[in-house]
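Letters A, B, C and D mark the chains as written, and numbering starts fresh at 1 in each.
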Amino acid sequence: MPKIKLAENTVQLIKDICKEFENKESELINVLHQVQSKLGYLPAEVQEVIAKELKTSVAKVYGVVTFYSFFTMIPQGENPISICMGTACYVRGAEQVLNEFKRQLKVEVGESTEDGKFSINCLRCVGACGLAPVVTVGEKVYGRVAPTDVKKIIAEYKNH
Amino acid sequence: MDIVNLTIDNKPVVVKSGTTILEAASGVGMHIPTLCHMKLEDLNIENKPGGCRICVVEVEGRRNLAPACCTDVSEGMKINTHSMRVINARRTVMELILSDHPFDCLICAKSGNCDLQDMAHNLGIREIHYKGEQSTYREDTSPAIIREVDKCIMCRRCETMCNEVQTVGVLSAINRGFESVVSPAFEMNLDHSVCTYCGQCVAVCPTGALTEVDETGKVIRALSDPTKTVIVQTAPAVRAALGEEFGMEAGSLVTGKLVAALRRLGFDHVFDTDFAADLTIMEEGTELLNRLGKHLAGDKEVKLPILTSCCPAWVKFFEHQFPEMKDIPSTARSPQQMFGAIAKTYFADQLGIKREDMVVVSIMPCVAKKYECGRDEFKTNDNPDVDHALTTRELAALIKLSNIDFTALPNEDFDNPLGESTGAGVIFGTTGGVIEAAVRTAYEVHTKKELPKLDFEELRGMEGIREATIDFDGLPIKIGIAHGLGNARKLLEDIQAGKSEFHAIEIMSCPGGCIGGGGQPYHHGDAGILKKRQAALYTEDKNKTLRKSHENPHIIELYEKFLGEPMSEKAHHLLHTEYFDRT
Amino acid sequence: MTKIKSLADLRKMKEEAQSKIKLRENSTNPDQVVQVKVGMATCGIASGAKDTMKYFVEELEQEAIDAVVTQTGCMGYCYAEPTVEVKLPGKEPLVYGHVNKEKVHEIIDKYIKRGELVDGIIPVSFKTIDD
Amino acid sequence: MTDYKMHLLICGGTGCKASESDEIKNRLNQLIGDLGLADEVQVVLTGCFGFCEKGPIIKVLPDNTFYVQVTPNDVVEIVEEHIVKGRPVKRLLYTDPNSAEQISDSKGMDFYKKQIRIALKNCGFINPENIDEYIARDGYQALGKCLSELTPEEVIKEVKDSGLRGRGGGGFPTGLKWEITKNVENDQKYVVCNADEGDPGAFMDRSILEGDPHSVLEAMAICGYCIGADKGLVYIRAEYPLAIQRLKIAIKQAEEYGLIGDDILGTGFNFHIELRYGAGAFVCGEETALIHSMEGLRGEPTFKPPFPSVSGYMGKPTNVNNVETFANIPVILNKGAEWFSKIGTEKSKGTKVFALAGKINNVGLIEVPMGTTLREVIYDIGGGIKDGKEFKAVQTGGPSGGCLTKDSLDIPIDYDNLLASGSMMGSGGMIVMDESDCMVSIAKFYLDFTLEESCGKCTPCRVGNKRLYELLDKITQGKGEEQDIEKLKDLSVVIKDTALCGLGQTSPNPVLSTISNFEHEYKAHVHDGKCPAGQCKSLLRYDIVEDLCTGCTLCFRNCPVGAISGERRAPHFIDQTLCIKCGVCFEKCKFNAITLT
């Protein structure tokens, strides 16, 4: 794993968030949520700072980060693509849509493209079952997506 | 206390409420098999995740099978511990565990001593019906411990030891589902982590996932090299446990056979770490009295309490976790390292050989000692004072390998000059022993009076944290004792918070002290074994004619001929060390 | 905001709130306002309910129609999102499904302005606790 | 203002559309135009009435005449009789099967209103971000009444008498749960709302929180009053940002009004509510795992007992209920236990919210009384199967549930009946499947889900489910062996019997229920190497029929892996070793020259 040196203000940001939660170990998940929402991901160095601030072991922090699928240690692509894999979407062909995204972008689930433009993730039900299968790119929701729509969706973001 | 009536396999049983099914069954001689569960009575150590599901039993009226280890009995309960349904479930669960476990039993370090292997045998597993993908992980080799994570069965015992008992916090369950496994943060190697190498994870691992680094090969090579003089030292706790590896009762003292075996293995000189323990007392005791004297004289610079420093895992622990306190522990090296330093100078001179031609092997109850002898500050011209540290278990393997019938060996004596020791050195192997040994010497040096009674019962026992005040002829000396790093942490935090004041504290990393070390024969969760080893050491102490370190004639001679006096410049150079901030 | 200090206060407050709403809803006075509720739960928003709401606000303003446009939760008709309830003064509320920009225009033009029904009404298919 | 005298509402739901409702509308408009009535009568197409088996439906306003099974041929009669002469066409009226009476006025006849909205009472009615609208609809009245006029014992009795059972899946009696927690002595207790709705395809909790957050807050405060807790925690999925936002607003508004906080309504009762966020772990729906997660730990469940009611959050007595359960509480206390307990079946009282999804026309959220049949839900409310396909199965209870078949369509839905038929209530997801869904693949889909969501703590779930998945995968790849179906069954039984928590104990349900209902489909995969639904790719085979192939090269040009070869104007061939069964050739061929077997 390449070591990153955290900027002084990033460290301060993390410390401030921990402090907001009174540096309580039991607030670990809230802290992780806050930090990830600010930094986009939770690299090892960030987890080390959090562990120190909350006076817990970094192994425990890592154990929690790897337990919950919401937390990620990999920076997301500029345009994070999420394919809903809830049952409603599945029975309406979400898997084929996912495969098409993987094929077009040549990355696996959880990975980012080399140019950092896209990353693919799977979601469990965004609750838009009426629109199944559903794909989200960033905040935007695409409903009733067919594998043939994939190319078009990607193209929308290609030149951004 | 409420009483509960129940039946187990149609047998009426009466137990106290709050008893688990497992305990209730074991009380009437029915041993329900367990794998993840481990309880060390009196040491306050319990691992009870209820995860392996081997101990399931049938409870009448319940929809599912109940895990015996974490189900409390209730009035009128009817339990069947070996119905068809139970046996089928147990065997299937075992097959599932094995289906994700490498099949290399024949070449596994744990073979023959493996809880998992025994359980498979006891459950009569002949075939695995459910085959599939097996988890594979990178092997992690550190200076002391090898992690073969493929063999992890997620019993979580190591996690409990590392976090709850030792509070080191290196190991945690990571990921989830089939991918879950116990690992350091970021799946880093142990040697990049804050691991102290205390080896308590190794001591409790039911499979070969965690083992010590095997150095028997190196020792065999050294023994067969005619250009080398190979000398050996054996730690106090080894003699109280080695016999177990040869089917002897726990607590059997095998000092004489141990010496005989080492001699037959071909060591040129068979010495005793107890000698170095006596030496440690001379240095550490003097340091204590020095600091105490200055303190009493009103010197504000001097720091008390003084903490013992014999335990390498403890040293690494405070270097990582309490670096701000690194000037409090005694600067005295551990007995293993004092022995090495003296052997490769004083004794090498006596033999007239160069240090490079001498190989010092130590037999230790410990895996951290492997790491300790590799520390840079214990090397001269890149040549370590101690070349190889073997665990008690590795020594047993070496003896078996060399076709020696251990139980039939005669009792033999250590060689001189580094083989003579006092009872004070012997009790270094148990919690409370180092400080008791120190008190025996410090008292007499300080008061210039002979101790009326040598057995300090108030310092003995298995309580995790103990306190006692010893009267130094009118001067009350407050002593603290902690074994298990979690207890050590508590004590240190209390000191930092100003909650408690001590003059001297003994700290040992392993529960029970060195007798419970990570390199000892596996206790398989039986705390009684540790107690028997402890009793054996006190017996050996009692049987010794000399029981005070400063009365060891060879120690006196060593100072006269070589070191001058305790804390002399030469002693300082050879027998003391410094500590590093490792954060 | 002042705190409600007792159950009696709370009851009074309920009545006030109710009469305020009743006044708005049940008046036959044609000057009274039109009420538009847009289903703004996740599925609605995912189907463009935010835009629908925006269109309503903009177009009603342009047409100078006195109306209140508010958001509400999920009406349950996920298959027909975005869904909108329109209540003309003195009339039963009507729910429309699949309300996109064109539909907004049609609803305002035909239903709100002229009282004509528009295709796409979702019939009420449930009872409430007061039925 | 155009003032139509009459409106004809024609159902334009998918089911009715299939039965020519468009044609009916066209003919009606034409006839009305011909008669010069276009300014007086308006014909409008509506969404589904939820009475699809009797479609197409026409409702006439203002007289509320309700015509069923109308055909285009009936149009003339309706116009001439009803519109012109004002006489309803009797033969098209609905006949009540019980009374055998024809019903003309649909006002007061809500036989097609199969739904009753209790938990969803305010969803879609009030602005969830305005507490006044909630108060106007009886909001916080129940709390006020409890605090001012009832003892905790009385409130608990009312909840017990109502027969309300936990809506999160298990169906444990809510009142009893409250009573147990109340009876544990401790100076600190907690009320927890489980809003970690994780079942894929279930989103009722989210809808309630987004549409009516105050009902949950009010119920939590009532629960706190009953059990003696002054603190409530909502554990909510981080994937629900809108629900979180609305909850935050609701808490703030309720605090400003003093309906949450210290000395509520001057009664001396204090109750504070905080939010805790989930982070994407299905197992955290299990209450012990949820509590660990709230404590900042890995969401691993622990063995019960001790139950949270004795030792929960921070080791203190904790009452955990889910969102829908809480949403029922204010209604029960306002309308009375007796009113509530009249709805539903003997052992399952009240209503249940279901999320209808999958191959069904009216995907959405519905709330029906317990005891409603699956047929009513799927056909009368759900509008039947999409694209006119055949109903095959309905999956209830999410990954813990099972698949029910045609044979179960007339079972009244309640906790016990669903359990008895091999599924479970779960949180209320209902995924409808048609003939093109392969049941082995469905079982595999759910196993894949549990596999990924298993916490890994106990062997049966960690390793057992992996092996189940592998066996299913093997079967869908056509590599299944004779004994594999038996192995699946045997292993499933042991996993159910030995797993630590509810997730593991129910994870084999999708496997067992599909085997018991569709064993022939498993056998077809294993014995004949065929997937009857045509979904398992590895079992498909595309071939080019030599006689029909014109050698147009279209398939050759479209094949993504170059598996097709052949000369121009000569028959082409598919290399089966290269074919990835994507089906592009099949779709592209204009001459039906490609067969799929």
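FYI, a residue touches a chain if its C-beta (ideal position, glycine included) is under 8 Å from a C-beta of that chain, and two chains touch if they have at least 3 such contacts.
All of these numbers come straight from a predicted model, not from anything done at the bench.
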- Item | Nearest-to-centre chain - CA centroid comparison | A
- Message: Count the C-beta contact pairs for A-B and for B-D, then tell me which is higher.
- Response: B-D
- If you average the CA atoms of subunit A and of subunit B, how far apart do the two points sit, in angstrom? 44
- Rounded Å distance between subunit B and subunit D, as computed from the means of their C-alpha atoms: 57
- Note on the structure: Whole-angstrom distance, CA centroid of subunit A to CA centroid of subunit C, is 36
- Query: If you average the CA atoms of subunit C and of subunit D, how many Å lie between those two points?
  - Reply: 26
- Find every residue in subunit C that makes contact with two or more other chains and list them. 41-43, 45, 78-80
- Note on the structure: The positions of subunit D in contact with two or more other chains are 203, 206-207, 240, 281, 298, 363-364, 452, 455
- Which subunit B residues sit where two or more other chains touch them? 173, 175-176
- Item | Touch relationships between chains, expressed as pairs | A-B, A-C, A-D, B-D, C-D
- Given the complex, residues on subunit B that touch subunit A span 163, 168-176, 183-186, 193
- Where on subunit C does subunit D make contact in their complex? 1, 3-7, 9-11, 13-14, 17-18, 20-21, 37, 39-43, 45, 70-80, 83, 85, 97, 113-129, 131
- What does subunit A use to touch subunit D in their complex? 24-30, 32-33, 63-64, 67-71, 85-88, 90-92, 123-127, 129-130, 132
- Item | subunit A residues within the subunit B interface of the complex | 1, 44, 47, 56-63, 66-67
- Task: Using the touch rule from the top, collect the residues of subunit D that touch subunit B in their complex.
- Result: 281, 283, 298, 300, 302-303, 305, 451-467, 470-471, 487, 490-491, 494, 496-500, 505
